[in-house]
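Each chain carries a letter (A, B, C and D) given by its place in the written order, and its residues are counted from 1.
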Amino acid sequence: MDLLSFLLVQCLNALSQAALLFFLGVGLTLIFGIMRIVNFAHGTFYMLGAFLGYSAVRVTGSFWAGLVLGPLVAGGIGAAFEMGLLRRLYKRDDSAFLMVTFGLTLVLGEIIRLVWGVDALQVQVPDSLSGIVFLLDEPFPVYRLFLVAAGAIVAVGIWQFLERTRLGLLIRATSQNAEMVHALGVDVNLVRSGIFGIGCGLAALGGVLAAPLLSASLGMAGNAIIDAFVIVIIGGMGSFPGSLLAAILVAFVQVFGTYYFPDFAMAAMYLLMLLVLVVRPGGLLGKEA
Amino acid sequence: MSVSRRVLLQTAAVAGMARGAFAADSIKIGIPVALTGPLGGIGAQMRRACEFWAKQVNAKGGLLGRPIELIVEDTAANPATTVRKVQEMVERSGVRLITCIVASNEALAVVPKLAEWDTIFVSGDNGDGRLTGESLVPNFFRPNVSGPMGTRAVTLWLRDSPMKKFYGIGMDYAWGHNSMDVFESEAKRAGKEFLGAVFSPTGTKDFSTYITKIRQSGADGCYLVLAGDDNVAFLTQAKQYRLGEKVQLLTEQVDEMGINASGDASVGLIGGSRYPAALDNPDNKAFVAAWQAEYGRLPQMFEGDQYQSCVVMQAGIEKAGSIEAAKLRPALEGLVVTSVKGPITMRACDHQAEQPGFVVKVVKKDGMEHPVPEVIATYKADRVTPPCNQMVYTD
Amino acid sequence: MRIFVCVALLLAMAPLGLPLFAMTLLTEALILGLLAMSLDLMVGYTRLISFGHAAAYGLGAYASGYLLLHTSLPLPFAVLAASVLAGVVAIGVAWVCTLAKGVSFSMLTLAFAQLLYAVAFKWTSVTGASDGLAGIPRTAGPFGVTVFQTKNGYYYFVLVCLLGAYLFCRSLVASPFGAVLRGIRENEAKTLSLGYNTRLYKIAVVAVSFALGGLAGALYSPFAGFANTELVFWLFSGQVLIMVIVGGQGTLIGPILGAAFFMLLEHVLSQYTESWALFFGLIFIGFVMFAPQGIWGLLTRRARA
Amino acid sequence: MALLELDGLTKRYGGVTAVNDVTMRVEAGEVRAVIGPNGAGKTSLFHLITGVVPATSGEVRFDGRVLSGLSSYQRCQAGLSRTFQLTSLFPEMTARENCRVAAQARLPRRWQPWGGTTVFGEASARGDEALERLGLSAVAGRPAGLLSHGDQRLLEVAMALSQRPRVLLLDEPTQGLSVEETLTAVDTLAGLFAGGGLTVLLVEHDMEVVFRLASKITVMHRGSVIADDVPSVVKDDAAVQAAYLGGYA
């Protein structure tokens, strides 16, 4: 493997990893930025997505159905949770959200265990994406290229959604000044439910997309939530472009760090986080000082 | 599942509320097993084997004329919880015999306390070489295959293979480093070249960089010491990079959970097995038949190995006529038991069972939903069991 | 104060009336209570939400474990040394973390704790890596005192540490220093403008909190006989925070109750059902919805009514 | 030598000059008001004096000592006590406790991590005296967050006063008050200042307030000082009239 093909493959590896990290981080940052809620259950929604994806593939035989159904169902559960419980807590301090989402993590995790059992479940890469392409003679999985593309599409989609649509405008406005938006006759509660649902749905989308690499397993949530936190913190809590930047940064540090300093693979991410926070306490693109 | 669940609940209810009802009569065995968390899958297998065994024994009138009572507690694979739960079993329920602990770090946390509790611990799957080495305590027994033994079987098979150069990837965990050390020394003794190894943190999700490293190493074979989710993720991603076309993947243990979760990605994998259901001996045939009647499927690796540990425990208790540590310990030392893997010997020097080693290859078979392991080599007990208290081999 | 003496006496008499295993649970509950109480100094009294308090516990546990395994230091001195170490390390950690405020502070503490977790995983010669330290003894001494080696003796040792720490914390929060902490909690900018070097006060309270949290950890490892990476893991930090909130933050006594409640509930639930996490989670959600002031708030409200 | 001296004080944010070469002398015992329309640079000047932001150039001297490089808490310890434009209190503490915490800051044993009877006793005495002088004794036992807005503004002054400052810095003390509340507050403050012994620097945009309270007035416009004199002179200053006061006089 010559240097050029090595660099190309490693960069694509990093980008595909960045895509998965981005799906994980963006939903959390959206929820935090607008609702000021640190959603402990985010990793569990990611896991839920993977299991829903598995079932959707089993029932319909199509990965694409899973890609649609997983986020929809998870998003619905998230929105319902917001309407049923979180909504009653907006006047309370942050610790209430911490506890209630921690509780949700336990409950949802156990429900997943009861429904799908303890064994890891395989989700096949769809046939159309299961091949490889040769990049400078090195084989590279098509599915990983698809992940990079999916990450780019979702990033552009969210950006356009926030910039161009009425709902996107409302979301941005709500994050600035909820009372003002309320005074304009908009149902702020509905916007919040929507945001929480979308955030959870994005996590689930990440789960469905990660399932062909990892399988759907009960260990997913615990691993995912800390990654999601790191992405959101490095990028700046609540910053959408920040989460994208952080995902790419973390992925490159992980991929090249693991290659050259495998002993520091575990510490690399946290060192990066510490470094960023010491230099910019609010994260790369965060507002808070 | 539903049947065994109810049995468990009854057991738990009895254990929790009406302790002492038939407490004087029953033989209580503590089952501190990880049922939740990432290791819940293995824990479920092991518990199932214990329940199956207890049911068999109780149906025949029990042990020493007393019924077996399993006291099952979930440890979530957290050593702090495990120590607390076992302590409770000992102090509250009067348990003096435990088995079925899943993770090695749980076992390592429990082992130093056994003397204080006057309790015997019969391992069902703990593979860490040191449990019968530097960390050995008198009340610990290991009827199951250890990590070094699994590796040894694979390297014995390698001696006759044309592959020359090897690379390794292990979990950055005591077990991973342990087994990789054994592999390195064994491979070198077999005249092979060991090019190096890399260790991935537990919970690694993206193995692409590691796969790049393995590919670059130019090895013919790559030895894996991975378990659980990490194992599945690696196999799945290796297949996506077509790693298997260039490099033969070898592993310490081929378990059905990993195969089922990674599907076709595991086909072609060669590795050690602690218990392949296909073993051809009368005890195993009877076991497999009874198991299939109960659960409608073949027993899996951890089920078979844990079952063997239960049978060893049973033989020891029958010989000792008691479960008191002072009587059970000498009874187990040197005991020869014939079970699913044929006759095995609990040697006295380090409490490790001498038993055969198996090498299997994962193949696809018609009519089966998942690929299955097929035995390709069997090695005698004296070749795979290390010298007393050792993790490395001399021949 | 009268209530305190009554509770202290009751706890001191516990070994006379409680069965063996209840004493094990009680000892562990007191240790966790000490940990949660130490976090309350930061969370409840200074509004410094730490997501990394497991670092204090882990530091203490590893340090006392290491000392007991590799030196002949008598147990109380090893425990004390571990506690001091945690406090000293905390000064450095707090110096960096207090560069930030609010959520960023929480996240920095999380980053530090996870870094420590990574170190614990890698520094095999000291921490035993993934296996942790096992077989940590309860050594005798000093002066031939063997009381800590027995189960009940060790319980009394833990009890004395907890009661002492409680009295210390109570005096601390009622002192002039404590009044400044309360000022920082309610309005840090104002406190600064009144002429207090708030950062120094924050560093000091983090150090005290870590030293007491480290004391809890240092008591745990000889109690359980081992120390491992789970004790430093972020999940445990989150759980300690939950203990504080469930018990009632800013009350010192509440978090102790919260810790005992958390541990006992998990322990008992998991005996009766494999799905204990389900009920555990539901109970937490119920607490948030119906008892926002926590256990202590619930108790004192009943008492007043 | 004046008690508080500003020399060539300048603050630039990027290309914008918020405070431009301000030189000012505040003598001991004087009540100085800094006035000016919105954006004149009053608040920036206040921030420079209290040390919230560093100056681009120039310096602040207090009693001959250069304050540059000192942070806000150090300036307070030096003897400058301030209030905030937007009320800043400890809402859950009582008014008395608010003043006690403020007074405690000036006691040498303020950090003492045990006991506190002596410290609290001394601090309470100073705080109660300040509350008395601002007519807040009646509400001293109520949580600060529950006081009326007017009382909250005065409480903040009481907190600063209980620190026995050498210079009292007030940032728009009647900000956000109704007409009636403003009248009461101004009466109280006028009574306080009449007692003498206090050096006050206050930033205010309400002319009525300024002319009742101030003994000297500094007028700022677009970051610069355009007048600096006793009220009667400032009132008739042509430049001030043109730049700012408009038809007021």
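To be clear about the criterion, a residue touches a chain if its C-beta (ideal position, glycine included) is under 8 Å from a C-beta of that chain, and two chains touch if they have at least 3 such contacts.
Keep in mind it's a predicted model, so treat the numbers as computed, not measured.
Number of steps on the shortest path from chain B to chain D, with steps defined by chain touch: 2.
Seen from the Cα centre of chain A, the chain whose own Cα centre is farthest off is D.
Interface comparison, C-D versus A-C: the pair with the greater number of contacting C-beta pairs is A-C. Central chain (C-alpha centroid nearest the global protein C-alpha centroid): C.
Chain C and chain D, compared by their mean Cα positions, are separated by 43 Å.
If each chain is reduced to the centroid of its CA atoms, chain A and chain C end up 32 Å from each other.
Inter-chain spacing, taken between the CA centroids of chain A and chain B, is 36 Å. Rounded to a whole number, the gap between the C-alpha centres of chain A and chain D is 49 angstrom. Taken residue by residue, chain B touches two or more other chains at 35-36, 172, 201, whereas all remaining positions touch fewer. The set of chain C residues touching two or more other chains comprises 121, 277. Checking each pair of chains for touch leaves A-B, A-C, B-C, C-D. The residues of chain D lying in touch with chain C in their complex are 50, 72-74, 76-77, 81-82, 84, 88-93, 97, 100-102, 104-107, 109-116, 119-120, 123, 159, 163. Taken in their complex, chain A has these residues touching chain B: 1, 6, 9-10, 13, 16-17, 20, 110, 113, 118-122, 124-125, 130, 132, 139-141, 143-144, 210, 212-215, 217-220, 222-223, 254-256, 258-259, 262-263, 265-266. Chain B meets chain C in the complex at residues 8-9, 12-13, 15-16, 35-36, 73-74, 76, 78-80, 83-84, 87-88, 91-92, 104-105, 108-109, 111-113, 128, 135, 172-175, 201-202.
Here chain C touches chain B in the complex through residues 19-21, 24-25, 28, 121, 129-132, 134-135, 224-226, 228, 230-231, 267, 270-274, 276-277, going by the rule given at the top. Those residues of chain B lying in contact with chain A across their complex are 35-38, 40-41, 43-44, 172, 198-201, 203-206, 208-210, 212-213, 215-216, 228-229, 232-233, 236-237, 240-242, 257, 260-263.
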